[in-house]
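Below: the structure, in structure tokens.
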Amino acid sequence: MRHRWISVLICAATTAAATAACGSGGAANQTADGKTELTIATFNEFGYEELFKEYEAAHPDIKITQRKTGQGQPHHQNLFTKLGAGSGLADIEGVEEGYLSQFMSKAGQFNDLKEIGPKVEDDRWLKWKTEAITTKDGKLMGYGTDIGPLAMCYRKDLFEKAGLPSDPEGVKALFTSWDAYFAAGDQFIAKVPGVAWFDSAAQVYNAMHNQLETGYYDKSDKLVVDTNADIKKNWNTVTAAVAKGQSARLGAFSNEWNTGFKLGKFATKTCPSWMLGVVESQAGPENKGLWAVTDAFPNGGGNWGGSYLTVPKQSKNAQKAAELAAWLTAPEQQIKAFKAKGTFPSQNKALDAPELLEQTNAYFGDVKAGALFATQAKKIKAAQYKGPADGQIQETVFSPALQSVEQGKNADEAWKTAVEGAQKAAK
Amino acid sequence: MMRRPSFAIYGFLAAFVLGSAFPFYWSFLVASRDNSVLTGDFTLVPGGNFWTNATRVFDTVPFWKALGNSFIVSGTVTFSVVLLSTLAGFAFAKLKFRGRGVLFLFVVATLAVPTQLGIIPLYMAMAEFGWAGELEAVIVPNLVTAFGVFWMRQYLLDAIPDELVEAARMDGCSLWRAFWHVALPAARPAAAMLGVFTFMQSWNDFLWPLVVLNADNPTLQVALEKLQSGYYVDYSLVLAGTTLATVPVLIVFLVLGRQIVAGVMQGAVKG
Amino acid sequence: MTATLSKVDRGRAQEARPRPPRRYRLSNADAKYSPYLFVAPFFVLFGTIGLFPLLYTAYVSLFDWEIGDDDPPFVGLENYRTLFTDDQFWNALFNTFSIFLLSSAPQIVVAVLIAALLNANLRARTGWRMGVLLPYVASLVALTIIFGNLFGPQYGLVNDVLGLLGIDPIDWQASTFGSHVAIASMVNWRWTGYNALIILAAMQAIPRDVYEAALVDGASALRRFFSITLPMLKPTLIFVIVTSTIGGLQIFTEPKLFEPSGGSGGGTEHQYQTVVLYLYQSAFQGFDLGYASAIAWVLFLVVIAVAGLNFFLTRRAVK
């Protein structure tokens, strides 16, 4: 009976599939020793590893399991897949700012933290940070973790070459408004041939766009792409600069973009706090001391990046999950996360913490980076209202359309494509 | 004995293999140096950082546990796919039964289903079975593939002379025995090939395992994804991880590769 | 064509042979039911796990279904109707076919050639075979960087080489044809060795004595290849052509890797967005699960039609 195991295997496969449906029905989130297990799904670096141990020590009935994904993209695809499947989400899910509009359009699947969470002081977070994750009817869908306040990075040596001021104070005049910024760009490219003023049109445009009071949608979720004159004005300004040669035409995060840093092919870069590490890693040690950053940004401030902790309705321990999330996002904890992994805190008190204010960055000439970005974070006035397809319009419609202009497409035609694309995305 | 091929053939093959192997060498190159290889400082000489980077990989991800899981998953899947596909392929190629043509066309048609959307309903099914987070969820859906059935069927069409099956049956062999003594030996080279493909594919499978497995019980590819965290990617670390993850696959290939070669030598089944 | 039609099909000739009478001890039940048992695992597994996603997708395609919706409205065939008037879909279909043609045709020819070389009496056979399959296990991260560096519009190696030859640089991202060529070369690089090994396995199944007989008859190497090897490879060639048609029309990974931003738009103006990329974008960026499901089903039918056509063409061409 040498081959009886074949039939055994086949039988096993058949019956396993047929009977498994009756297996483990209500998997309660209890560990063997009776603790409540809380799962938390994060991506990138939230800097929470040590904090989990601290929380577990203070709450002996809780066991925390972290599901960590490296990159944001697979994390969010995972999140939305399980949202679609109706099960499998962690008790706490991290959501990044770039996916906020998609997330908010699914707010019904998540818990209102004002309702289930512990009492949290009203002014814990920067106002705009909380605003962005509050629904129109006042529900709080997530606790803010970190942010990415924008400053301007620039190449000191290239500025000097162009006869522009290059010290952190003097340079601020160039970055007071977008008009001043692009005018300085004209001056720069006239003096330094072969080097552009900025890396990519979409990077600049998105920063400008997010400063507008009204973006692609108005507050009644009506798409206003073709009627909001500010959008067209920004479009015209940026595409005009591209036509003049101010753009290095390097798509952000592409290989060519990395090479552009190395070769010094552009003189300024819109810089959220986390971008300093990117610049250092891409430009490399041979460019150390050439890059600088200043606490100025055209037309005020801005934000790019940062995340929230949310509690899905799928969670069987929503209340305990909310307690943990509230604890993690308290200023004392976020400062520890900042020290562990450099995530820039979104909490008012944390922005005044000495640990943050004293942080310096050696690559950028020992600049007091913590204090600099804290100043920038406070300059942001309000969060722009984001409609349901807002993120999609920015990522898959307007950014590619601007790149197509950089690739040589007529700006008016590209505008038409962008408007049509936005209308299609919003449908 | 056939004569040995000329230098031209070796030369051509060497060029082809060199092109195929370049990304591996290059991955190792970056893993043994740092990110600067990627932007400008091009070189073909490895540096001395490989073990440092490898140690960082071991410190960052549960490498050994993930390696064990990957072996369990890929090993089980490969074993099952090869066996069950050969079985079905043999039936479709050499046995006569009602509905054979239609059933076979159905098998091939299932290949044409785009899988990208399948992950949502598949996750629902796995959650229903209670397998979400378990290795079963990445093993069971892949126990037998349409690709494998199709491949073994096409191979066995000509590889086994009809007379051989008939003869076995006239000797009073059951079909099981005919499969065991006639089909399996004849299928060896193709089965080894299918084994290599299946193992490699299962080994490198990423999106579905990432969705369905939990971080504390990952396969290797899922574990290695964590090396890419942070706002900028440390490629020397990432590529050290992928280099380490490729080594076991190459070992499996060497082992099964001998089977593929052995298949040529045994002319017996042709008799 | 007419010449091939007049020939007697090989397979049919075999079937026409008189079969031995069933007077042996062979159990009737065994002959009748065992084959079903042999193919059962596939169908059982498909029935329990594969079928559900398929039917679910078909069901979802009839709704205006966003990911995470509780109560999506039923729209009947509306998604399909929209699809047929959707320029982006037709553009994606065109791109898919263009990349498919640029990749599969050269790939199969080269694969047969490589297989023939590998089938020679080489030293260190396993090493060579392993060598050609290496692209199949290459990490996608490494590929993204390498091909990104090769086909970079401004600092790419390929353009540098073209420059040395006095040819103007090509914007591999912006140009439709250029991007298709770049992606096709990526596809060819990844899959040629793989197909070569499949064909090689079939070549090895050809009995040596057939060749030796031909050698005695004084047939040239080329003639031996066309009159012995190729016809004997027919089932495998059908396999390779059908599977690479199916795989080629579902092409996803390579164009996705080619997009520098990592998105699924397939270029700034969808120059290289394929059907599956569009499907993926609709589902996971647009959350439009209903529409994405409709794309999936239409693509399924297109793939079946083209694979079927290729199957019949191959069956006729290779005798």
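As written, the chains take the letters A, B and C, and residue 1 is the first residue of each chain.
Throughout what follows, a residue touches a chain if its C-beta (ideal position, glycine included) is under 8 Å from a C-beta of that chain, and two chains touch if they have at least 3 such contacts.
Just so it is clear, the model here is predicted, and its values are computed rather than measured.
> Which chains contact both subunit A and subunit C?
B
> Relative to subunit C, which chain's C-alpha centre is the most remote?
A
> Between subunit A and subunit B, what is the separation of their C-alpha centroids in Å?
A distance of 37 Å separates the two centres.
> Between subunit B and subunit C, what distance separates the C-alpha centroids? Give it in angstrom.
Chain centres of subunit B and subunit C, defined by C-alpha means, are spaced 17 Å apart.
> Counting only residues that touch at least two other chains, what does the list for subunit C look like?
Within subunit C, the residues that touch at least two other chains are 41, 45, 49, 67, 145, 149, 289.
> Which positions in subunit A touch two or more other chains at once?
As it turns out, subunit A has residues touching two or more other chains at 10, 13, 17, 77, 81, 84, 255, 259, 263.
> On subunit B, where are the residues touching two or more other chains?
38, 84, 87, 120-121, 124, 140, 143, 176, 228
> Can you name the residues of subunit A that touch subunit B in the complex?
Listed in rising order, the residues are 2-3, 6, 9-10, 13, 16-17, 20-21, 23-25, 27, 39, 43-45, 65-71, 74, 77-78, 81-82, 84-88, 255, 258-259, 261-263, 274-275, 277-278, 281-282, 284-285, 305.
> Report the residues of subunit C in contact with subunit B in the complex, numbered from low to high.
14, 19-20, 24-27, 30-32, 34-36, 38-39, 41-43, 45-46, 49-50, 52-54, 56-57, 67, 114, 117-118, 120-123, 125-126, 128-143, 145-146, 149, 189, 193-194, 197-198, 201-202, 204-205, 207-208, 232, 235-236, 238-239, 242-243, 246, 250, 252, 276, 279-280, 283, 289, 292-293, 296, 299-300, 303-304, 307
> Under the stated contact criterion, what part of subunit C meets subunit A in this complex?
My answer: residues 37, 40-41, 44-45, 48-49, 66-68, 70, 88, 145, 148-149, 152-156, 171, 173-174, 260-263, 265, 267-269, 281, 284-287, 289.
> Applying the document's contact rule, which stretches of subunit A touch subunit C when the two form their complex?
Spelled out, the residues of subunit A in touch with subunit C are 10, 13-14, 17-18, 73, 77, 80-81, 83-84, 102, 105-106, 108-109, 249-257, 259, 263, 389, 392, 395-396, 399-401, 403-404, 407-409, 417, 424-425.
> Quick one: in the complex, what on subunit B touches subunit C?
That would be residues 1-5, 9-10, 12-13, 16-17, 19-24, 26-27, 38, 84-85, 87-88, 90-92, 95-97, 100, 103, 107-114, 116-118, 120-122, 124-125, 140-141, 143-144, 146-147, 149-151, 154-155, 157-159, 162, 166, 169-172, 174-176, 179, 189-190, 193, 196-197, 200, 203-204, 206, 228, 235, 238-239, 242, 245-246, 249-250, 253-254, 257-258, 260-261, 263-264, 267, 270 of subunit B.
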